[in-house]
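The structure under discussion is supplied below as structure tokens; questions concerning it will follow.
Residue numbering begins at 1 within each chain, and the chains themselves are lettered A, B, C and D in the order written.
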Amino acid sequence: MKKLINKVDDVVVEQMQGMAAAHAGVKINLEPKYMYRSDSPISTKVAIVSGGGSGHEPMHCGFVGMGMLDGACPGEMFTSPTPDQMLECAKQVNGGPGVLFLVKNYTGDVMNFDMATEMLHEEGIAVQSILVDDDVAVKDSLYTAGRRGVGTTVLMEKIVGAAAEAGYNLDQCADLARKVNCSGRSMGMALTSCIVPAGGKPNFEIGDDEIEFGVGIHGEPGRKRMKHTTADEITSMLVSGILEDENYTRTVREWDRIKGDWEDKVITSDALKAGDEVIVMVNSLGGTPLSELYVVYKKLAEICEAKGIKIVEKLVGAYITSLEMQGCTITMVKADAEMKKFWNAPVNTPGLRWGI
Amino acid sequence: MMNVISQVSINEWLKEIAVVMRQNKDYLSQLDAAIGDADHGINMDRGFQKVLIKTETFADQDIGAMLKNTGMTLISSVGGASGPLYGKFFMQMGMALMGKMELNLEDLSTGISKGLDGVKGIGKASVGDKTMVDVWTPVVESLSESVNQKDTLEIASDKMVIAADKGLKSTINMIARKGRASYLGERSIGHQDPGATSSCFIVNILQGIIVGKK
Amino acid sequence: MKKLINKVDDVVVEQMQGMAAAHAGVKINLEPKYMYRSDSPISTKVAIVSGGGSGHEPMHCGFVGMGMLDGACPGEMFTSPTPDQMLECAKQVNGGPGVLFLVKNYTGDVMNFDMATEMLHEEGIAVQSILVDDDVAVKDSLYTAGRRGVGTTVLMEKIVGAAAEAGYNLDQCADLARKVNCSGRSMGMALTSCIVPAGGKPNFEIGDDEIEFGVGIHGEPGRKRMKHTTADEITSMLVSGILEDENYTRTVREWDRIKGDWEDKVITSDALKAGDEVIVMVNSLGGTPLSELYVVYKKLAEICEAKGIKIVEKLVGAYITSLEMQGCTITMVKADAEMKKFWNAPVNTPGLRWGI
Amino acid sequence: MMNVISQVSINEWLKEIAVVMRQNKDYLSQLDAAIGDADHGINMDRGFQKVLIKTETFADQDIGAMLKNTGMTLISSVGGASGPLYGKFFMQMGMALMGKMELNLEDLSTGISKGLDGVKGIGKASVGDKTMVDVWTPVVESLSESVNQKDTLEIASDKMVIAADKGLKSTINMIARKGRASYLGERSIGHQDPGATSSCFIVNILQGIIVGKK
């Protein structure tokens, strides 16, 4: 294992320290670990908090800042953070109007954020928690833990962060987050594995001529192992996976602040169709260079053009990664006027910046 | 050989879990690599190293408090799926055994049964989903059977280990329906579940302490 | 070789097409190949043009846009572009006030840009050409082709681009570019090699426990091959290489528009010293994830603090890469008020954006 | 065997260079990998494939025009160091031979000498710097010696090849002082220069055509 690290146990903390040293807009707390906006708490806005395993940088710590997240809780590598991190972080950034957790749908993340939600509620803080489950590589939610939260998370954090900045209240932020989730789909593929520092060896073995199609951002096996092929073919397969995905209905749990309990909610992501406007992200899993992403983007744009889907905004780069894994993911989020407006609003974070 | 499990033995149990998790860190992560994200051993080791440190401060506490603190330590140090799951397991087991300085077979049976309830309450898994529930369920069944049959603690613990082992092996041919392995669908068949494996270690260590091995 | 590409021969063109498809602010020409600002030529400003081998994305094509480059000429992978690309690109973006070439000091780049400079002059267009030679891994210029142009290029393109936007004339832009070059130093290291698509195999072999210290951005061997070590130690070595570098004097050729010929110019980069303010860049060579860069940044900031060198601005990310190579480079540019002002000016390019 | 080199033979020479560069693409890149950036074969192949296409359109031109066009084609298609260097070589050689439909030994000697001047004019390398100059310089010397000694074209070309070969081999033990290999300093010792190698191919092919091999 060759990485630019010091002690394996210090990796997450040192990365946080480096980010805080480099960016005046963010600060860190180490016991427990979280990152927060230097100007938080802000009394006039809902606090948006996310978190998840480390190894996906810049997500989530890199998205803390004006117009995006108020706080982020990094777990150990590929491991959900713990409830005490979420609780402390939420209390740090809550300015009064409440806290919205944006949670990627993994068993660990959900269980930990659920606990934190309950604890926060017990402390009398208004809290809501919205899931991201956009990975179409996972087909059903009946026989699995449900679709994984992947690329749509980045867009949700940007859009909901801007809405909070604009003064949306907690329910409005939660409604918008749910809408973004139900408008988003992603699919990814890996060329190589990555190495979790504490593990020291590749998370999975993959042949010199193989790719993992439908891979998760922790290197979870995807839909299939297949022979490596051209960027065009891979892009077509990823985009087909997204465009041919039908209406997807599942039951999610959301927090009921009045009852102080969880309630089941049936939500549906409508299939994408001709005429839709979309925000797309072509994302590197970490080790794939920008140049290759543009080859993918080219084909993606051609397919969308042919299918009558209009790309209105785009992001090409490494935003939700899997350490140094080579591979890419495509995310497409159907965007209405509200979402486009907040997408274009100013943002100033270590990992995403424009308009300011 | 013992008729009751002393508070000291429970402390011993927790310490020994930490040792075994460290020894099997790579093995458990390797199992997780096949059907998950290769960190189960890392997670268990991180959590139980924290517990190991705590066992000193627990030393005078009753069994319930000790186990509850173990659960809370796991929750705040492990993360992932196994953090809340094992956290709830030990917390609920501890809550059921509050104030006790020793456990008889019935206590043990109740404690572990409540622990399993905790796991199922948060994780919503059933037998056959290829999780740690496939180990703890037969363990609970075996212990309650032993209570009915008035087995000695030693015999009960031997039976418990056999049940755990059978449960563990049964995960190999299952299709995972919960947790990260569920994404694999059919491709999860043939692999032993890492969480069931760590659970089986925990059961085995308990039996070793009861029968005075070690 | 596993990459997200189609035909090896089409890689450069498809990347350009993807970038143009993704970013409305840039357009491409394919015969010969160059990228240019969609709103060029701009009659009120000097046109800033750079170029070099492909494989270093986002540099240079990704830096075309408002506040940075007017045009960029991508060569084949790791191979300087040709004079006809530079000539046509310069003519496309020249709005009247002339064209400034920013040229990295490699034998090939210099020879090709020299030819283009002569050709442009013959066509009656005011032209100047400024070298970047900032790689302290190369010790002397008497027995070598001189120091390579690496990270300072990115900062030069940003700063001089902003100055051109602000109305600096050709000589003022050239003077500023030369000043940035004489204020900048870089050093890099590689953990792995990269694979040039047309070559199909790693450019160099490197052991599982070895690193190449002082590597060039084309994988050129550096100062030494050494055992892999901690991020802190590697960072210390890179920073020492930069801070302990003494005054560096060399003769460069610059174009004399009056005489219509080259003239030799002796220029000196003064050693960095306590009290200096610097803009720093911690850069990934492509395959090293952002998270590791922050570990490096942390140590860099500590060293600068200890040495009394004040980091006033920073860039952490992948800006000048070597395909998918794992490794990082550090650049430090001593900055005065003029440079800081232009660094902070708005920029809107595919690869760098703020303030707008 | 020929007393003069015809316009057709020069066209032949250029075509044959394209073939040999393609055959040796990997070999030349391999040499460049050791002390440069592993692209010399790719560069030469790209350039001469373009020249190969042009040889059709050149077919009726005089030798000077043909070589000048070759140089211009290389300049606009190769890039890197070798593009301008070989570009200037063929352009200057062509300019020296403008209007000629055949070359005698003296013409050849002048042409290659002017080509070398082009290389040195732009690259500023001297003998001993471990570049293509280490091949072309002995070639020029050998040809001018042959002119003085009134060698036949065939003998002159045989001597030229021996000189080129010796020049090529001499690069192995040199420390590079120009081009990318110069960054290596002492570490460049022991490696044959890629540009000198491609130059040596070009000389060898010319000799093959003169003596009617192939």
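Convention: a residue touches a chain if its C-beta (ideal position, glycine included) is under 8 Å from a C-beta of that chain, and two chains touch if they have at least 3 such contacts.
Which protein is which chain? UniProt says A, C = Dihydroxyacetone kinase subunit DhaK; B, D = Dihydroxyacetone kinase subunit L.
Remember, it's a predicted structure, so these values are computed and weren't measured experimentally.
Undergrad: With chain centres defined as C-alpha means, what is the inter-centre distance between chain B and chain D in Å?
TA: That gives a centre separation of 76 Å.
Undergrad: With centres defined as the mean C-alpha position, give me the chain A-chain D separation in Å.
TA: Whole-Å distance between the two chain centres: 57.
Undergrad: As a quick test, compute the distance in whole Å between the mean CA positions of chain A and chain C.
TA: Whole-Å distance between the two chain centres: 32.
Undergrad: Line, ring, star, complete or other: which describes how these chains touch one another?
TA: If you draw each chain as a dot and join those that touch, you get an open line.
Undergrad: Dump the list of chain pairs that touch, please.
TA: Pairwise, the chains that meet the contact rule are A-B, A-C, C-D.
Undergrad: Can you name the residues of chain B that touch chain A in the complex?
TA: 29, 33, 35-39, 42-43, 46, 75-85, 122-123, 175, 177-180, 182-185, 187
Undergrad: Flag every residue of chain A that touches chain C in the complex, lowest number first.
TA: Residues of chain A touching chain C: 2-7, 11, 14-19, 21-22, 54-55, 57-58, 62, 191-192, 208-209, 211, 228, 230-232, 234, 282, 286-298, 301, 314, 316, 318, 321, 323-324, 326, 328, 348, 350-351, 353-356.
Undergrad: List the residues on chain A that touch chain B in their complex, please.
TA: Those residues of chain A that touch chain B are 32, 53, 75-84, 106-108, 111-112, 114-115, 137-138, 143-145, 148, 196, 198-199, 203-204, 216, 218-222.
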